Structures are given as C-alpha cells and as structure tokens.
Amino acid sequence: MQVNEKKPLIVAFCCNWCSYAGADLAGNNRLAYPADVKIIRVPCSCRVNPMFILRAFQRGADGVIICGCHPGDCHYTSGNYFTRRRMAMLFSMLDYLGIEKERTRVEWVSAAEGAKFAATMNDFAEKVAALGENKRLEDLRCKK
Amino acid sequence: MKVSYFPGCTLKTKAVKLDEYARRCAEVLGVTLEEIENWQCCGGVFTTSKDEVATKLSSVRVLKAAQDKEQVLVTVCSACHNVVKQTNHQVQTDKEFADKVNRYMAAEGGYDGTTKVYHYLELLRDVVGFDKIKEKVVKPLNGEKIAVYYGCLLLRPGTVMKMDDPENPKIIEDLIRALGGEPVIYNKRNECCGGYVTMENPAFAEKKSQSITENAKSFGASRMITACPLCKYNLEKHEEELPVVYFTELLAEALGVKEDADESAE
Amino acid sequence: MSQQNNNLKEELIRISGVNPKKCMRCGKCSATCPAYEEMEYHPHEFVVMVENGNIEPLLNTESLYRCLTCFACVERCPRGVEPAKLVEAVRLVATRRQGANHMKADDVPAKLDEDLPQQAIVSAFRKYTK
Amino acid sequence: MQRIGVFVCWCGSNIAGTVDVQAVSDALKNEPGVVFSTNYQYMCSQAGQNMIKDAIKEYRLTGIVVCSCSPRMHEATFRKTAQAAGLNPYMVEIANIREQCSWVHKDIPTGTEKAIILGKAAVAKVNLNAPLTPGESPVTKRALVIGGGIAGIQTALDIADAGFPVDIVETKPTIGGKMAQLDKTFPTLDCAACILTPKMVDVAQNDKIRIFSYSEVQEVKGFVGNFDVKIKKKARYVNEDICTGCGACTEKCPQKNVPNEFNLGMDNRRAIYIPFAQAVPKVATIDPNACNMLKNGKCGVCAKVCAAGAIDYKQQDQIIEEKYGAIVVATGFNPISMEKFDEFAYSQSKDVITSLEFERLTNAAGPTAGKLLRPSDLEHPHTIVFVQCVGSRCAACAEKGKEYCSKICCMYTAKHAMLVRDKYPDTEVYVFYIDVRTPGKNFDEFYRRAVEEYGVHYIKGMVGKVTPEGKKLKVQGSDLIMDEQVHIDADLVVLAAAIEPDKSARPLATMLTASMDTNDFFTEAHPKLRPVESPTAGVFLSGACQGPKDIPETVSQAGAAASKVIGLLAKDKLTGNPCIASPNELMCNGCSSCERVCPYGAITYVDKEFRMPDRTTAIRRVAQVNPAVCQGCGACTVACPSGAMDLRGFASAQIIAEVDAICK
C-alpha cells in the first residue's frame, strides 16, 4: 500500500466584514500561511450552520475554523454572539464523537488584524497537522 | 490573620529596628508575622537576565515555603520585596525559567508561582486597611510634614511590582494621612539614591541622595521615611538637617509601641 | 557585522529578552538616567550599539558598573525597550568572561564603614562578580 | 443547467507570478456547467471587461466566475459588467486568488492547486445562483450631524447649502468645539475665533440648520435613508427661545467657584453660565451640580434678575424623535489624561500644563486675558520648556499612552514657541523633540521660521523628569546631538499631550453599528478610496473622530462627507441589498425562533391560507421578512429548526456546494 502523505485540509468560514477583510489584509501584507486553508465567505459568522461543519468533516476536512468580528464589533451587532454559543455546543458534541477540540475553532479577527489572521491560520494548521488525518466523521456515502 | 514573613539579612543586622517595629505594629493590628524557617538571603538585587537561575533559588524557596503554609508572603525591606516579587513574576511568565527552577527544586517539590507577595505596606493598605490603622492611632503625628521616599525598588518595574502608580504613588502618603501627618509630595521621591554604587563611588551616591533630600526639604519636610536600609544609609550619611527613619518606626510611634520596641531591640 | 559580533548580539538579546529594534531613538532613557554623568556609554547608546553589533566597547566600559539598575529607563521608555536589562546582560557577559570580576572580596574591607548595610555588599557582589 | 463562463485574471504578475493561470483556466473548463474558460492580463481593465461582455453574448452565459482579486475590491465592477451584457449581476461569483492565494503562498504548484480549488468552489456556487433583484426604499431628506466642532459645522453648512435640512447635536451648551478654545492657527497665525465665529453665526442664521445643543444622541434605529433617531435634549433650566443671552444672570449668580471647563479649569465660572462671548446658541445654562436652587431650593437669584423671564427651574430633559436619511459622525478628540505620565509632574505643579491649556493662557479671552503668566503665581515665565510626543508613539507593551502619532503636536508646538518669542523676546524657549513632522503646505517653512527667525531652541531628545523645586521646574532631558544630559531650570513646562477620540464615540459606534479601530477611532469604508464613509451604509465620518487631523484637513474631510451626504439625499429611492433572508412558507411552522434572533426586527408573522394535500385549506402562521429592514446577516437561517429560512446569495445549498468543492 502506498503511504498516504495527504496534506491537511482546512475549511475557514470568514465573515465578510471583519475576518474576510482581515484575510485580505494578510494578503496585502504578504503574510504567508499554509495553502491548506481554504476560505469560504459568509456575510456573518452567524450564517455558519452547524450542518456546514458536519458536511466538511464528512467530506474529509481535517479542521474547520470560523472567524468573525470581535465580540461587540459585529457588523450586524450581535451575530458573533450567536456563533460563539452555537459553536461551543457543536464543538463539544464533535469532541464527544471523537473529533478533537483542536480541529475546531472560533477566532475573532478584525479587518485590521491581517497579522493575527495569518498567525491564527499558521497556528491552527500546525495543530491540525499534528493530529494527523481526520477520519472519524467521514461518511462513505458522501464519498464517490 | 497569619502571614508568612521574610525579613531578609539586613533586617537581622544593621536594620534590626525596621524589623522590630514591623513586628510590634503587626501585633497591634492583629496580624501575626510567622518568620519563614531557614530562609536565605535574596541576593539584594534581582538579576534581570533570563538565564540566571541559581541566584534566584533562595527567593523561590521562600515563595515555596509560604505556598506550603498556604499563606501570603510579606516582606518589609524594599530590596527583598523587589527580588522576591520579580522572581515570582518570572516563574509565572517565563516557562523555560520555571522549568529550570523546578528541576533544582525537585527534591523539595516544585513551585508554581501561586504565592501572593505583599509588601508590608500593601498588607497595611489591602488587608488591614488604613481606616483601621487610623482607629488604632494613639499618638497622631499632629500634621507633621513628612517626606516619603520610595526609591526605585518599591515601584519599579511598575508592570511587575503593581504596588502603586510608579510615577505618582500614594500608598505611603495615605498611610501618613492615616497617622495624622501631612505628606510632602516632591517629585524626586522615586529617583534612585545611588544604591550599591555607594561601595565604589560614594561621592556619586552622596550627590544623588542630596538632590533628593534637598528636593524634600524645599517643600518643608521635617522628617523623611523609607522602607529600604540602603536608601536610609545613603540618604542620611551626609544629611544633617533632615532625619531619615524607617516607615515602621513612624507607624510604631503613632501606634504607641515605639518605646517597647526600642527596649527589646537593645 | 562580523560573525563574532553577531553571535554576541544574539546572546545579549537572548539573555536580556530585549529587542533593540523597538527603539525609536527618543533618548528618554538617557534623559531619565540618574547615573548619566558617571557613564561613558549611556542607556540609549547601549541599545543602539547592541543593535549595530558594536559590542566590544561596551564590554570594556566602566559604565557597566555605574548603572544603578533603578529601572527608571525601563519604566519611562515609551517603546517598552527596557535598556537596563540590556546593560545587565552586557555586564553579565563581561563578568562571565574569565577573570573579569569587577570587585574582589579582598577589596571589600577597605570600602566598609560601620553603618553600611549588608544589602549593599551582597548587591554589589551580585552585580560585579560571577 | 447553467452555462458558466470562467475568467482568470493575471493581475499583471500579482497573480500570474505564483499561479499558473493557464492551468487554472484549463482545469476549470471541465467543471460542470462551464462552457467557456479563459485568462487575461487585467480582467478589470476595459479590454478585460469587454472580453467578459462578449463571452456572455457569444456563449449565452447564465453565470460567470471571475478568478481575481478580493470580491471586496472588484465584485461591484464585474457585476456591473455582467449587467451591461444583460446578465443578472448576482450571477457573478469571484474566486479570490490574489489576496487569499497568490499573495500568501510562495511556490507555483501550491498556488495553482489552491487557485483551482477556489475556482471550483466558485463554479459550484454559481451553479446554484439565482437571479436576484434588489428592493427599493425611500430616502428621508434630512441629515444628522453628531458633534458641533469645526468638522460638524462645516459639514452642516455644506449640506444646508445644497438645500437639505440638517440637525446638529452637540453635547456642550455651545457649538464651536476645540477650535473655539484655540488662540492662533498654524501655519498662517490667523486667530481661530476670527475665522470660526463667523461660521458659527452662519449656522445659527441658516434656516435649514437646527442646533440641538446640550443634547445627546440616545438611540439610533433603521438603516441608510431611513434612520430613526432619539435625541435627548438635556434640561438647561433656561428657556432657549426666550433667553436673550444678555448675561445678567451670569454676573449675579452667587455661586462663583465652579471650575470653568472652557478654560480647562484654570479659572472659575458661575453656576449659570454662557461658555464664551460668541457662544451659539447664545443662551445661558444652569449647571445642576453647582446650582443651589436646583440642589436645595435656596437661591433663585438668576430668575429674579432675568428680565426676559427665561429661567425655568422645573425644566425636564426632553426626547426628540426625528427621521434622517444620513448621519455624519463628527465627535472629535480630546487630549489624553496626563495621570500616567507624572514623571513630568503634571499633577504636582500648576506650572506644568498641556498644550491646550497653553492655548487658553495665550488667548485674549482666556483666564489671563492673553498675558502669558504662569498659573501658580501669575508671574511672567522667563524659561519655557515644551515637551513633544507625551503619550504619542508609545508601544502597546509600555502600557500607557497611544501607539499612533498625534500628528498636530509638532506644528502647534512650533506655533506656541514662535508666539512666545514674538510677544516676549526675553523668554527662552526650548522644545524637546523626537522628530519634527511637518508634512503639509507651508508647514516646514513655518517650523524653520520658529528656529531661524524666532530663535527657538530645538533639542533632539526627550525629557525624562521634571522636578518642581522652589519656584522652578527642574527639567532633566537628553540632547542626543550633543550626547549629553541637559538640565534646565524652567518656569513653565508645556506637554504636547497625545490626542484621543472623544469618550462618547464608543457608545455611539455601537448605536450606529459602525466599526472602530483599537484606538476607538472610527474606521473608514476604505482607507484610501472611501475615506469619509463608514462601512455602515448611510453613516459618514468628519474630522478627528476618524483619526488625528489639523484644521485644514478636518475642513476638507467635512466638505467631502457633506458631498457624500448630498449625493445620498439627492436620490429619491435607494436600491437595497438583495442578499436577504427569505422563508419557505411551506416549511415554516411559525415557531418564532428566527424572529427572536433578528437584530433588526425584520421578521414578522402573518396568518396565511394554505391548500392542504387533501384539498382542504388551513390557516398557518408563517414568517415574513421585511426586505427594506433585513440586512442579510443570516442569524435566522441557523436558528430555524425546520430549515425554512434561507439566505439569498448565500443559500445553504450554495455554501454546502462550496464545502463539497473544497473537500473533494
């Protein structure tokens, strides 16, 4: 059998107003982070349905990170508070199912924090890579 | 209330009175100072280098002793306080240092940085309370103008010592008010007196100390108080007009226990 | 910068924890230093010279033993550079070099007077010797 | 099935340097729905846009994917392009292969691989896109300006000039702000009052402008074009309509020892006061914390001497509700507290003052009637030391002060130094500086004049300690050029304190849902291209609330903000954002989960008649979204337990398609 040297796959949901702009700023400042991170733009972190995260893990993601505006700074006033509570519940359930807490994260990154975005992604990617490949929630029916 | 107490070497020799008054006053105020057993000298100055470990172990042992007794650690001497508090801070914030220290300390059980370090003044302010001290005063200072000398060790670095605003401290001033005196606010009260450089270059220390006492005198101070034996030495060495005493002496005086202490010290 | 100077610089940065690049050259450390007049090299020069790797003159200057470690420069530096820690690191490197103790036990008796507190002697030893 | 066109941009070498653009367009050619794929040097250029337009027509495209820079940059551009070619603009998706790919990854294989995946995700999303049409909402043709300093005044005057009504809300009893406190202005040295007070009079006399002084904004609801604002008009215990501003009450009031905030506490005012002679509105205000009549009912002198009968001790706070189409924030700045910088002895000596206090000391209407006298003993100072950068340019780790440069201090310090030397040539003036920053028209010339013509001593270095002793202030500083520590016996020390946004800005930002930076300055929508707009639609920024600014800069920004407001108010209707929540009524069970999480109150319920499978009818309670109010955050879509609520443009199916594409 071939040794699988699969690179980790990380899905990052970024809110349009703060974190996606923060990611852009990281780009403007040429602050490198691993290409394993793929960003999906959502209007607000509270748009992220737990379903999306489950789907990502079913499809073979190794880590999922949600980035939003800092508490109190949400463009929609309070969306990130919902995110914080929803994800706290979801992540502990995932942990129970065997998806380690290090594979999931909620982080606040403002539009001015390009450096923080890059640092966060570097750190998260490193932690996820250290855990190795995630197979726990892969749904074979979702795979071809 | 019982607290662990670290007097330090100078308080056992040249500054016996600083220690003795502190103990007497604590008794009056309902605090028992339990001297840590087999303590060693703190070294007098904190070495800021990250790779100096052995020289800080005596402080860590003191901190560990207080932790074992689940007590706060109280110091009186400014220098001891500075060394112990900075060492504690380094254990708390510098993981590499903490690991090295704990390898030395393995036989005694490790130390994790949780001991709270109070200067005697903080004990008076935060635990006893200046209001309570005010009630216990039997010989108020009757508005005597007293200059407080903080020096450098009590306040700096401010981010570590966290006793008071390092540029405009109030703690000893508030104590003097509680004792019925009038604090003299002068800006050189947190400038260095010349410290240990007095060994090599006494003329320099004299110059520094004199600029401090001159500044205090220009505001009409009749006495100066300090918490540090070395500051006291430097400040009074060439000073003829302004008496320099330990803050605990002033406290003992106001609380009416000064004479007792004087007798036992002799 | 020569390799040797660069190594020295790296060592000083490591043991002091100071990043001299944070300095914005305002000179407030030297403005606030109580030992300024006694020193050949002043706090801001320590920072700049370490950054430039020009360290040998610092290792040989008496200024190392004039710094009072009073932390006035640390407290007042607007950029959080902490020059006193850098001076301390240079002093340590100097005293750790063999035979570079600045004070010897034999020197002490001559310096004593009857009121001098122990604190002064132990402090001086800690600062001046290894 | 969609017919999708893919357009990969090189962005010169910005993308093409790290991403093999040909490989990307080739790879995406085989994705489901893609009928056309190409790449070009600059997609945003006219030629690039024409290429898109031609392809839309030629290949009858129903959706397009542009692999280029961030959608925050050019999404609007490409939507317009699509629209021009007859395609619904919401059938455009951007794959961000510049900021989030080529600029952050180093080697071509990695960059190319990621770009392809991002492209595939965008294609997967477009496959599920549906044409969207934005709704329309009316525009209330009235603007609100918050803050009545020079920024607010200029903005209000410019908006009123275009014919739109404007209200100014100012917390102080008068408009005028910081500029009213200044003496002269750099670099021309014309007097601040001479150029400001005529503008204040213009405001008072303009029938399009209403001034709510001594008032605060209490609540802001609504959205661009349709803000509902509650303004609290604090009781000033004087009837503004009747008071003539004669000032008789302010002379007779027996309560004489109230620190005068207009002179920064350097002299006293009465309990009833008019801040300064040219105040607008020129009416008296009673300070409830100082007035004996209000505190314990014993006095009443002002009511007795008021010929107009304007005093009203029973006056209550009043809430004014008004609708506005646009809001301009002009809340300004304050010098920071010198509390943490007591090495300069600010709290220990009256003769250590801030620069703003110095302005009052040299102002003819100030506490010393314009004579430069030191506050402690009213003697003429012969040596003055100015210290720059007090609290500015401090690293965060120093735990005090501000990280930024306050920008105006170099110039006003040069001005102060010059004015002192001009009026009192016997006075020696020293300025300690780290850098002298004079980028502005005639600024450096001004500073050089202070040195060369007026003989101000500029010392490169900083002051470390100020020690009051006797009648002198012993200043210890460093001279970095001479490499020496300097000691100056000064009579007066002036600190150029850093400036910070007004404290009211933070709660206001929360009310407006406008974003702020870590220093509490309002953030602009784009740092270069949209400097006077907040990211929140309909909220505009004027003056120092957005960052430190001098007067000319403030006035130009105020005018720019006004022109943006005018552009908005000139429209009769606004097109909204079509990416809003929409419920599937057949799935909705009327549980109210969505209503509870909606921050805008955009969701309501109606009882609707439905035909059931057995051909009977049933009345069910279902959610409805008000398209003018919904901002499209999507909180409701996740709260909905039945999955009835979805977000247009960011539908669950679309995001899942993206997830699937990324995780393939």
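Here the chain labels run A, B, C and D in written order, and each chain numbers its own residues starting at 1.
The rule we apply is simple: a contact is a pair of C-beta atoms (placed from the backbone, for glycine too) under 8 Å apart; a residue touches a chain by one contact, two chains touch by 3 or more.
Quick caveat: nothing in here was measured; it's all calculated off a predicted structure.
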Check C-D against A-D and say which one is joined by more contacting C-beta pairs.
-> A-D
Subunit B and subunit D have mean C-alpha positions lying a whole-number Å distance apart equal to 48
Between subunit D and subunit A, distance of the C-alpha-averaged centres to the nearest whole Å = 31
Shared-contact residues (touching 2 or more other chains) in subunit B = 158, 167, 191
So which stretches of subunit C touch two or more other chains?
-> 72
Residue list for subunit A, restricted to those that touch at least two other chains = none
Chain pairs in mutual contact under the definition given at the outset | A-D, B-C, B-D, C-D
Across the complex, what residues on subunit D touch subunit A?
-> 70-73, 96, 98-101, 103-106, 110-111, 113-114, 117-118, 121, 510, 513, 515-518, 523, 535-536, 579, 597, 599-600, 631-635, 637-639, 647, 650, 652, 655-656, 658-660, 662-664
Quick one: in the complex, what on subunit B touches subunit D?
-> 158-159, 165, 167-168, 185-188, 191, 214-215, 218
Any idea which subunit C residues touch subunit B in the complex?
-> 14-17, 34-35, 38, 65-66, 68-72, 74-75, 82, 84-85, 88-89, 92, 103, 108, 111, 115-124, 126-127
Which residues of subunit B touch subunit C in the complex?
-> 8-10, 13-15, 41, 43-45, 47-52, 55, 77, 79, 152, 155-158, 166-167, 191-192, 194-201, 204, 208, 228-230, 233, 237
For subunit D, which residues count as touching subunit B in their complex?
-> 339-343, 345, 347-348, 399, 465-470
